[in-house]
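Can you read through this structure? Questions will come right after.
Each chain gets a letter, A, B and C, in the order it is written, and its residues are counted from 1.
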Amino acid sequence: MGEQATTQNLSATPQTRDRTSSSNALVSLIEGRAWAYLLLIPSLILVAAVVVYPVLDGIWLSFHEYRLNRPALGQPWIGLEHYREMSSDPVVRRALKNTVIWVTVGSISQFILGMITALALHRSLRGFRLASVLVLIPWLLPSVVSANMWRLMLDSRLGVVNEILGRLGLIGSGHAWFTDPSTALYEVLAVELWKNFAFFTLFFLAGLYAIPSEYYEASSVDGSGAWQRFRDITIPMLMPVIVGAMILRVIGLFNSPDILLILTGGGPGHATETLSLYGFQTAYLRFDFGYAAALSVLAMFCLMAFTVVYVRVSGVTKE
Amino acid sequence: MASSMATPADSSTTVVYEQAVARSPFGSLRRTRRFYDLVASVVVALVVIYAMAPIVWTVLTSFKTEKQIVTANFTWVPTSVTFDNYVTLWRRSGYPHLLMNSAIVTAMTVAMSLVIGTIAAYSISRYRFYGRNGLMIFYLVIRMFPFTLLLIPLFIMLRNLGLFDTHFGLALTYTTFLLPLCVWMLKGFFDGIPPDLEEASRVDGSTRLGALVRIVLPLARQGIAATTVFIAIGAWNEYVWALLLTTANGARTWPVGLQLMVGEFQMPWGVLSASGIISIIPIIIGFAIVQRALVSGLMAGGVKG
Amino acid sequence: MNRSHSNLTDRMVDRRKLLGAGVGVAAAVTLRPAFGFAQGTPVSGDITYWHHFTSESEMAGLEQVTSIFTTENPDVSVTSENIPNADFMTQFTTAAVGGSLPDTTMAAADRIPDMLALGGLVDLSERFDAWDGKDGIDPSLMTSATIDGQIVGIPAFLFVDWLYYRKDWFDEAGLEAPDTWEELREAAIALTDTANDRYGFGLRGGDGGQGAVQNIMRAWGGLSADDAGVPVIDRDKAIEAIAFYAGLFTTDKVVPPSAPNDSYSQIMQAFRTGQTAMVLHHTGSLAEISADLEPGVEFMTAMVPAGPVERIQGVAPLYNGMCKEDNGDASWAWLTEWTTPDAAVAFLEATGYFPASSTAAQDPRITENPIYQAAIDAIPIGVGPLSFVGAPGWAGTSVLPAFQQVLTGQATAEEAVDQMIADLEAEIG
């Protein structure tokens, strides 16, 4: 640990050693701390240009009445009215609870299956290269196709799933999916697992290949077991990738419920409503942009709070 | 890197990575290894079945007629194979045009995201400066803020910049939304590369940029390949922005055409599954190329201590 | 068939409306020769048109209409932009706020108030009054497109609601096509045989089911519009209506168990595959059903059943509207083109969608086909969807989820109606 960390720290500090071969200003700029910022500029400009105005505008809107289909109302300042409304809106409460389940169960289940698959594929046996492409396909398929195909496969009349499970005697004939409010969300999560676990597999497999084999060889000499190697080498080496993939998946689940939209549309009776779905419907079905802005701000703060804690706990930017 | 190594390894020889355990010369471990290989084979087989069964069903459906799909008498395999769904798809006006637009926009997005994302990720991975935490979080804000409220301002912005209905405008939008992922993932992969390799190269007179290109990128090639696949998929399958920022005769991309299959009073299951199959074929080919180019080591030769 | 329809006509037809329609037809017939050439001065310009056609037949119909139009108006070019229906309002809203609306657009009846409020439709009243083709349009078809005295849409074609029923099963059981909701319920009970996976009625409880739920409440007198067009809910009657409709699923059990999530595809597939005996939809799905079941033998059509207070026989024109005056004359020529017999019949041939122009509706291909009789009977007594500013939003985010909660036992009919009332007050308040 000590040795590793020291080298890293040393090298991480921008070096200002004498270099006879390169003395012009550009090179010294490149070697200096300014270079760190220079490299960040293009991405910062792009992200800032797109994010800053809409976010500030959204926060501003959330304190105003703004209904696009009621131009006569204008855009009066109403202070915290939308937030008060949200706190007493039963759909918001339901959506928050669903969002927590959706994101937690979704990310953890996909993480576990993705990790197991990546570890297995990493053994690179015969045919595994083909297998690593095959397991990716659900993730490559556009959501509109896969979600609709699942609707067909889970159809109580035409569906192949019911045909199979019915023959096995696991469900009664004509079993209807997505109609029981207490299980509908989990049924969609099962489809979501199929659709997106390979996201983790893709990145974890890449991360596993990048771990120098010498680490494992050395530990084999020590006679450490598979679990020990997993715990002491694989997990720590993979950590930066795990941390990044997990947060991106959490945000992805939180904000793009396209599978949910096609399979249940938030129903039956708000049973699968999530915060982002509710926000979208409020804006583009009810044209209540003020309230939708407040919902979006709430969503953003939930994610922000999670991310800040997560970044601290995971130590993603620690040495 | 919070790595707690059980044994410090001599990483200066770490150049070409292979599967450690499989090549391990210690015969006493052979039996356990075989056991794990067996476990891995079973797991992979099960996962492949899980992932592929619905895809196989989609392929079968694409060769069925509407009557074989919507029927009271369940059919497993199409009794008579029909290519009508694919023919219908091909005949749909503008299909090649849409596919070409998608390819252009995807290529532009991948190029822009990789260049901009790589340098940003490298900076965050290698330099210690104030506000790195905040910066990493800032990149994520763009994905945190529900896109509901981004649609209109961004639409107006792109139109004012004259980028409405252009490949570049769409690619730029995608790049913005894919950058957070690009930066986060690439930083993770760069973190995993021991910096002493760069040190060695810099002693030899290389600049930091040179070290990035010649040392870091080749070592992170698997990560770059994975990130590339993600970006490509993101751009290839994106629908909402493609709809809002393009027109039918301009830069409109394939996912919009795909969405138009799902009509208000129709759900042509056969055509829908055929279009799903059609839309992943280019991606799989592209993936195979990327995998070959980046994983099998075209760039590996460039690595010198 | 004939018997039940004549009965119907006696009882239900609003004579004033019937008379109005008759005059309209007569006038249109006499004007017919003038129709195609009505626009005296040649118009020119490039116009754009947004629509949400998707299927191949609809696209073929659009192409036909476009080519007829450009032959008549060689100096006008029409650029059509198709937008998936589900995202139509997202794109329209963005364009309205962003200032990039097309010249002309398709406008569904229930979306018109919102589209107008977004600043996306211009007042066509002056042009309409000066138009010699206006007599071909039944005045009742203009209600949904007339807001505060402004005419903002020209009907292009009609979706006439009707009931599809399995004629073979009804004959076998010695049943007549139901004329009231109560008769429908009795027939559904008689035809339900769950052991053989057969249900009496296909109820759309999923996406898009909100229209039927509203119509049921209207048929029970639970939902109506006052003279100013403001929606009013009669709580007790609405509860009765919801209890009845949901009861088909929860207590009568004459509806397939998948109902709470069944959308268009599912209710249609259930009927086409012989799982359900009856299903409500409109003329737009005739071709699809005819592909599986033989019209007049296996299935037949009937008017929408009457409720205890009213028969809500939905007739929803799909309108075309103008978004801006930049190419006013060319845009107007395009909007009116759809009402000409040439274009309407071409479109009907391609799609089977009912013409809005009464002239075209007299085409023998329609009048001589018994399947269409229900629609012909229905048009004179037809009512449009309840339309007010915010109507689609209320229907989609309140009526439908509240009704689903009753279906799935999460709420009682009372609670659901109270929720709808509260949301309606928030919406129009």
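Here is the rule we use: a contact is a pair of C-beta atoms (placed from the backbone, for glycine too) under 8 Å apart; a residue touches a chain by one contact, two chains touch by 3 or more.
Since we're looking at a predicted model, the values are computed, not measured.
Counting only chains that touch, the fewest steps needed to get from chain A to chain B is 1.
With centres computed as the average of Cα coordinates, no chain lies farther from chain B than C. Of all chain pairs, the one joined by the greatest number of contacting C-beta pairs is A-B. Measuring from the averaged C-alpha position of chain A to that of chain B gives a distance of 14 Å. Chain centres here are Cα averages; for chain A and chain C they lie 41 Å apart.
As a whole-number value, the distance joining the C-alpha centres of chain B and chain C reads 43 Å. Shared contact sites, meaning residues of chain A that touch two or more other chains, fall at 157-158, 284. Residue positions 90, 93, 97, 265, 269, 273, 275 of chain C each touch two or more of the other chains.
Counting only residues that touch two or more partner chains, chain B has 70-72, 259, 262, 267. Those residues of chain A that touch chain C in the shared complex are 68-71, 151, 155-158, 173-181, 184, 264-271, 273, 281-282, 284-288. Those residues of chain C that touch chain A in the shared complex are 89-90, 93, 96-97, 113-114, 117-119, 197, 205-207, 256-261, 265-266, 269-270, 273, 275, 389-390, 392-394, 396-397, 400-408, 410-411, 427. By the touch rule above, chain C contacts chain B in their complex via residues 52, 54-56, 58-59, 79-87, 90-91, 93-94, 97-100, 264-265, 269, 272-275, 284-285, 288, 291-292. Residue ranges on chain B touching chain C, taken from their complex, read 66-67, 70-72, 88, 92-93, 151-152, 155-156, 159, 164, 240, 243-244, 247-249, 256, 259-268.
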